[in-house]
Amino acid sequence: MTDPEAPLLLYVEDEVLIQVAVIDGLEEAGYRLVVAKSGAEALGLLEKHTADLRGIVTDINLGTGIDGWEVARTAREAIGGLPVVYVSAASQQDWTSHGVPGSVMIAKPFATAQVVVAISSLMTASDPPA
Amino acid sequence: MTDPEAPLLLYVEDEVLIQVAVIDGLEEAGYRLVVAKSGAEALGLLEKHTADLRGIVTDINLGTGIDGWEVARTAREAIGGLPVVYVSAASQQDWTSHGVPGSVMIAKPFATAQVVVAISSLMTASDPPA
Amino acid sequence: MTDPEAPLLLYVEDEVLIQVAVIDGLEEAGYRLVVAKSGAEALGLLEKHTADLRGIVTDINLGTGIDGWEVARTAREAIGGLPVVYVSAASQQDWTSHGVPGSVMIAKPFATAQVVVAISSLMTASDPPA
Amino acid sequence: MTDPEAPLLLYVEDEVLIQVAVIDGLEEAGYRLVVAKSGAEALGLLEKHTADLRGIVTDINLGTGIDGWEVARTAREAIGGLPVVYVSAASQQDWTSHGVPGSVMIAKPFATAQVVVAISSLMTASDPPA
Amino acid sequence: MTDPEAPLLLYVEDEVLIQVAVIDGLEEAGYRLVVAKSGAEALGLLEKHTADLRGIVTDINLGTGIDGWEVARTAREAIGGLPVVYVSAASQQDWTSHGVPGSVMIAKPFATAQVVVAISSLMTASDPPA
Amino acid sequence: MTDPEAPLLLYVEDEVLIQVAVIDGLEEAGYRLVVAKSGAEALGLLEKHTADLRGIVTDINLGTGIDGWEVARTAREAIGGLPVVYVSAASQQDWTSHGVPGSVMIAKPFATAQVVVAISSLMTASDPPA
C-alpha cells in the first residue's frame, strides 16, 4: 500500500519486463508512480499531474512518435528544474546534445538501484537554497 | 536482527507515522539507530553516544523547545563534520541561514530512499583523505 | 601574443562592449579565440574549426535568427561533450529546458572571472577517465 | 575603472594588508566591492545594499563584537542562498558548526586566486534551475 | 533469480560474514556478482570477465599476497575508468596515496546501503558525455 | 615580490617554455613556488619542504627516471590528501590507473587558467570539516 503523501514520479517505458522491475524498485523506495507506455501518453499524464509531479524517469526510444528527449524537455518547460533520469540503450554522445541540464543518463542494462539512487539524489539536489 | 557492529545514527522525529517508515528504511539499509522524539531527548542521546555516533537525521520542527537546527549545531560542535540530514516541511530558505555546512535538506513529503541515499552518500563523503 | 598551441574557444556575443571585456579576460587566461557576432557566423566557425575546438562560450539572445541554445546543441552534435558556457540576461528557467547537459549558465551582469573559472573548470572536468 | 554594472560583493576584513591584496584581486576579476572593517559596519552595508548584493567574502575574527559567522547568517536571512566565502586562520572544525550551508572556507595564509575562484564558482552554482 | 542481463560486479572480500551481507545487498539492488576471496582469485576473475565487467567492490586487506589496491589498479589498466569502491578498516590516509582517481573508500564498519549507493552513483557518473 | 606568507606549491616540469608560462600564472595568482626539472629533484624538494607544502602541480613525463605519477604518490604518502594536479600530453586512460584519488588531470595543450583554477579549487576542497 503506497503512502498517498509520497512524492509522485512519472515513469515512461515501453518494454514491459523493464517496466515491472523498475516499478517494483521505485515503489519499494517509497515513491508513488504514474506510468506511461508511450510519449503521447506521457505528455497526457504530465499535463494532468503538473501540480504535484516531483520527478521523471524516462526511456529514450519509445517506438514511433514522441521520444524521451521531447518528453523531458516538455516536462522542464512546464516545471523548471524538474529532476530527470534518462534510461537508454542509446549512446551517451546523443545525451550530450539532446538531454537537459542537470539530468542523469543510465545505460541499459542497469541495476534497479541505479535508478533509485539517481532520482533520489536529484530530488534532494533540486531543492537548492535560493 | 541488527548487526551490533553497524554504524550508529541518531534519528530525531516527533511524528510517529513518519518515524516508523524512516526507522524501517534505515534499519533495512544496515544502520543501527537511537531515536529521539524531542530536542531535549536528542541532546541527551547525543551526549551518551558521542564516542560512536556516525551521523544524524533530524526533523526541524520538534514541538516546543530545542529545534532540529540546534540539535545539529550541537552535534557538530561535539563531532566536527558529522553527517547531517534535515527533514522538514519548512522552507528551504531557512536552511540557507540556519543549517550547517555540508548538510542535506529533504522536503516533506519524501520517499524513504531519499533519506537512505542522502545519509549514505554523506557518510562516505565525510571520510576525506586528510 | 597568443600561444599558437593554446586551446581554442568559440565565443559568440553580439554586444560589442561585453565582447571586449570577455575577449580580454579569456586571452589573458591563456585561451585562443574565434569570435562570432551572430548565430549564423557561429555555425560557420564551428564547422571550420571542428577538429581543434575545445570549448564554447555563447550569449543566448543573438538578435534575429539562430540563438545560443541552437549553437550549443549543434556544437555538441558535432563534438560530443564539448564544454559549454551560456551567458545571458534571460531567465534560468529557460536554461533547464533549452540548455545541454553539463553546461553552465551565467547571468548578466557578470564578472569576467566567472566566465574564465566556468570554462576552465568544464575543460578539465570534460577530460574524464573512460 | 570599475564597470557600474559589475556584480557587487561585500568584503569584510579588519587586517589592512590582507584587505589590499584581496580588493585588488577581486576588482581585477571584474567585481565591484563594498568593504567593511568590522562586523557592525558590515551589517550596515548589508542593509544598504540588500537589493543588489550578489555575494560575500568575510574574515571570521573581526576584533570585538560581531564576527564573520554572524555577518554571514544575517546576510543569508536577508538574501536566501547568497554565496558566502569565509577566510580565516581559525580551525576548520569551527566552520562545521558555525558556517552556513553551501559556503566555502579558505584557511589563511591563502592565495588571492583561491578567493576569486571560490566566489566565482559559488556565484554560478547559486543560479540553479528551479 | 538474478537477471542475466544485469550489470556484472566483481566483489573481493576474504571475511565470510561481511561477504554474505554485501552479496545480499548488491543482488537485491539488481547487480550480478562474481566473488573472490583473495587477490589472486580476483585477478583471475578479472581476466575472465574483462569484456562485461561494469564495476568492482574490494576489501583492501586480503590476507597474504595481492591486496585490494593492486586488484583495483590492475582492473583500471584493463578497463579504463572502471568504477571502484574500496571497503576497509585501514586508514583513509593510505587511500590518498594507494587508491585510484574517482574511487570511493568506505570505512568498516559500514552499512550495506553505503556500498550500494556508492557503486550505483559511480556507475552512472562513469558514463560521461565524451 | 612574492608574499613570504603565500601558500607554497611544488611545480615539476622539464620543458622550459611551459615552465615559464605556468610559473608566471601561479605567481600572479598569489602562490609561492619551488620548481623542479626532474623527478629526482622533485623528491628532494618534497623532502625539504614537507612541513609547509600546500599542493603540487606535476608533468607526467619527466625524461628518464622517476615520473610524475611516482612524485605524486610519494608526496601523498608524506602529506595525506595533498592537492595534486597532473599536466600531461599522455592519455587520460593512464591517469585512471596511475593517478591518486581526488587529483585533477589537465591535457596538453592547456591554458594557464586551467592550472590556476584546478589547484585553487583543490586547495579549498582539501580543507574538509573533519
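Per-chain residue numbering starts at 1, and chain names A, B, C, D, E and F are given in the order in which the chains are listed.
In the analysis below, a contact is a pair of C-beta atoms (placed from the backbone, for glycine too) under 8 Å apart; a residue touches a chain by one contact, two chains touch by 3 or more.
Everything numeric in this text was worked out from a predicted model, so none of it was measured.
J.: Name, by label, each chain that touches both members of the pair subunit A and subunit D.
T.: Of all the chains present, those in contact with both subunit A and subunit D are B, C.
J.: From the centre of subunit D, which other chain's Cα mean sits the farthest off?
T.: The most distant chain relative to subunit D turns out to be E.
J.: When subunit A touches subunit C, do the two copies use mostly the same residue numbers, with over half shared, or different ones?
T.: Subunit A and subunit C contact each other through largely matching residue numbers.
J.: The A-E interface: which of A-C, E-F or B-E repeats it, judged by over half of the contact pairs being the same residue numbers?
T.: B-E
J.: Rounded to a whole Å, what is the gap between the Cα centroids of subunit A and subunit B?
T.: Those two chain centres are 28 Å apart.
J.: Between subunit A and subunit F, what's the gap in Å when you average each chain's C-alpha atoms?
T.: That pair's centroid distance is 42 Å.
J.: If you look at subunit E, which of its residues touch at least two other chains?
T.: In subunit E, residues 80-81, 92-93, 95-96, 101-102, 105, 116-117, 121, 127-130 touch at least two other chains, as defined above.
J.: Considering the complex alone, what residue numbers of subunit D touch subunit C?
T.: My answer: residues 3, 5-7, 29-31, 116-117, 120-121, 123-124, 127-130.
J.: Can you list the subunit E residues touching subunit B in their complex?
T.: Within the complex, subunit E contacts subunit B at residues 21, 25, 92-93, 95-96, 104-107, 109-114, 116-118, 121.
J.: Using the touch rule from the top, collect the residues of subunit A that touch subunit C in their complex.
T.: So the residues of subunit A in touch with subunit C come to 73, 76-77, 80-82, 92-93, 95-103, 105.
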